[in-house]
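Below, chain A partners chain B and then partners chain C, in two separate complexes.
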Partner chain A sequence: MRKLALITVLLMGGLLFYGTPDFPSWGDPQSPASLHVSPYYIEHSVEDTAVPNIVTAILADYRGYDTMFETAVIFSAGIACLFLLRVYRHKSARTRLYRHNLTGVTLRIAKGGKLPEGSAEFERIDSHWVPYDMIIRVTSRLTVPFVQLFALYVIAHGHHSPGGGFQGGVIFGAAIILYAISNDLRGAFRRLSEKAALLASAAGVLIYVGTGLLCLLLGGSFLDYSKLAGILHVDAIMARSHGILIVEIGVGLAVMAVMVSLYYNLSSAGRHDEGL
Partner chain B sequence: MIWPVDLIIMVLVMICGIGAIMVRDLLGAAILFGAYSFMMCLLWAIMGAVDVAFTEASVGAGVSAVFFVAAVFRTSRRTKD
Partner chain C sequence: MESLLTNFLAKYNYWVYIGLVMIGMYAMIAKRNLVKKIIGMNIVQTAVILFYVSIGAKKGKAIPIIAHGHENTGHHAVQALDYISPLPHVLMLTAIVVSVATLGVALALAMKIYHHYGTLEENEIASRINES
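The block that comes next holds the complex of A and B.
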């Protein structure tokens, strides 16, 4: 069976290598794509949408459908992970570990014991060994706000520089994941609960689809942002620029929430109790 | 495009890609996959596709590596085949 798989893979790889020379060479101005497709967007995207970054204009405006369903794919990936992994179980029956913060003594509290829940002197720790490392905690605490700020910049500045909803959303999610790794999963839950993450992911997709529907209601076609001009009090070209921003915010919200929700489910095997 | 840099990155992409499927330790495979993503990100950046490079760096090398490590942490580090 392994030999058969190897032969298939080698055959496919050989075919791909055989087909590669037929492609136009990299950056060839005479290739069909450079002759018929690209010139339109290079020449018209700024006058159509007032967005200097052509990639953003194409992704969120000319091919808005594509990006909308990409967001829907990411949303369904988060939902699928939730369905596969999430375990709903009240109060795990296992023993719990608490650390006395002043002395560093670790208490093991067996099943049925009195838990020092809510006490400021004790902190619950994961059942596998976790050293209390001040450097990691302080460094990540200093880093997280800047990472989040950079993520917002990437989303907001996607019109002018590389970036946009996907990248910004992933970076924002990574900031929350960094917090969850450096502290613990329960601390991350206090900041962004599972319910909030799921609601945000659905809200992001709804913002995107809602913008499209609003254009439909205002008499245009689906995702035709120029029809938003009446609501936003700008001309039709700037309305397309602002429409792209609204949609990017929706994408960013959905991607951020899905990344965090995926991490919550993967790192705790769906129990949402003890993480990485 | 500077061809020696291009060639070095291409070779590293291949080494990382083959290593990620050959290595027995799944944690090592996850890290090699992250390295592969980062090298691909450099290749995109060299070819001028900065938006794709940005996505590759944040999704491929950043978050998905964390997901792989989390999955390895919750399952097993050794592969059967």
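The block that comes next holds the complex of A and C.
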């Protein structure tokens, strides 16, 4: 089996190796990839859309239809993961364990006992002893707001610097995942519940598709942002720039929520208990 | 000999991506553990991303963000030769995030398989399917 795999892989590598001399050299400006549509994008993106970052202009405007379905793919991945893993009626433990945060004592509360839910002093845990990492919790609590702020900057400044909805959304999702890792999953649910994450991912796709439909209703083609000029009170070129921003916010929301939802389901195997 | 070597070095990005594709494909075919197969799939995706981004490169040229100050926005003519090709970057930007999403679904499937069969080794799963 291993030898067969090695032979197949070597054969494939040999074929790729054999075909490579026909490819352009590295850094060749005459490479076919930069000859056909890409010069148009580079030369006209500023006058068409007033967006200096050509990547953002292509992503959300020239190839907006493609990006819309990429967002839909991410959304369906989040939904698929939910349907595969989520367990709603798992066997609930007869006794519940709570930790008294100040002393580190674990309380075992029998079935029917009074539960200290909502108390700041007690925290629900799943095994008899869960380490309490004060350094990790405090460090992440200090880091998370700045990571989130940076994510918002990356989304909002995507027109002028590397960034945009996908990158900012992933950074924002990473901030929430960092919180969920350093505390526990239940703490993360108090900040961003499962329902909120799913609604946000659907809302992100809805913002994207809704912007496209709005352009259709205003008499343009689907995702032709220049028709938004009347609503936004700007000229047609700036309307395309603003349309890109609206769409990028939708992408960022969807990507953030799907990343968080994937982590919620994968880290707890769909049970949504303490998690990792 | 000299020209062969310069020709070889001029296309070094392709050698790297071919190597990565081979590593990833070998992991996908030869490894029995499903998580290792998923890692192999991710290595192949990375190789494809490297291939796409490297064919858009232009030696010594700027990243695809038009240089602009606060006053002179787009008043000078933009030459396509001054900026690297943005199109492969756009395609790969979405591919990276989609690859993370597919990785999540793949891991969810692997988790389901583990809960059902109690193992992630391919041959043990196959023998358990034959038993039942």
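Keep this in mind: the second predicted complex is superposed on the first by the 254 of 276 C-alpha atoms of A that agree within 3 Å, B and C clash if a C-alpha of one lies under 4 Å from a C-alpha of the other, contacts with A are read in each partner's own complex, and residues count from 1 in each chain.
Definition applied: a contact is a pair of C-beta atoms (placed from the backbone, for glycine too) under 8 Å apart; a residue touches a chain by one contact, two chains touch by 3 or more.
Being a predicted model, the structure only gives us computed values, none of them experimental.
Undergrad: What is the contact status of A:162 with respect to chain B (first) and chain C (second): first, second, both, or neither?
TA: both
Undergrad: When the two structures are overlaid on chain A, which partner does A:121 contact: first (chain B), second (chain C), both, or neither?
TA: Neither partner.
Undergrad: Tell me which partner A:258 touches in the superposition: chain B (first), chain C (second), both or neither.
TA: second
Undergrad: Classify the contacts of A:20 with the two partner chains as first (chain B alone), second (chain C alone), both, or neither.
TA: Only chain C is touched by A:20; chain B is not.
Undergrad: Scan A:133 for contacts with chain B and chain C and give back first, second, both or neither.
TA: Neither chain B nor chain C is touched by A:133.
Undergrad: Considering only touches as defined above, state whether A:266 meets chain B (first), chain C (second), both or neither.
TA: It touches chain B and chain C both.
Undergrad: Counting residues of chain A in contact, which comes out ahead: chain B or chain C?
TA: Higher number of touched chain A residues: C.
Undergrad: For A:55, decide between first (touching chain B), second (touching chain C), both and neither.
TA: Touch status of A:55: both partners.
Undergrad: Where does A:235 make contact in the superposed view: on chain B (first), on chain C (second), on both, or on neither?
TA: neither
Undergrad: Give me the intersection of chain A's contacts with chain B and its contacts with chain C, in residue numbers.
TA: Overlap of chain B and chain C footprints on chain A: residues 26, 53, 55, 162, 164, 166-167, 170, 259, 262, 266, 269.
Undergrad: What part of chain B is in contact with chain A in the complex they form?
TA: Listed in rising order, the residues are 47, 50-51, 53-55, 58-59, 62-63, 66-67, 69-71, 73-74.
Undergrad: Inside the complex, what are the residues of chain A that reach chain B?
TA: Against chain B, the touching part of chain A is residues 26, 53, 55-56, 154, 162-164, 166-167, 170-171, 173-174, 177, 181, 259, 262-263, 266-269, 276.
Undergrad: Note which residues of chain C are touching chain A in the complex, please.
TA: Residues of chain C touching chain A: 7, 10-15, 18-19, 21-22, 25-26, 29-30, 54-61, 63-68, 73-74, 77-81, 83-90, 93-94, 96-98, 100-102, 104-105, 107-109, 111-112, 115.
Undergrad: What residues on chain A touch chain C, complex-wise?
TA: Listed in rising order, the residues are 1-2, 4-6, 8-10, 12-13, 16-17, 20-21, 23-29, 31-34, 37-39, 41-43, 45-47, 50, 52-55, 58-59, 63, 66-67, 70, 73-74, 77-78, 80-81, 84-85, 160-162, 164, 166-167, 169-170, 255, 258-259, 262, 265-266, 269.
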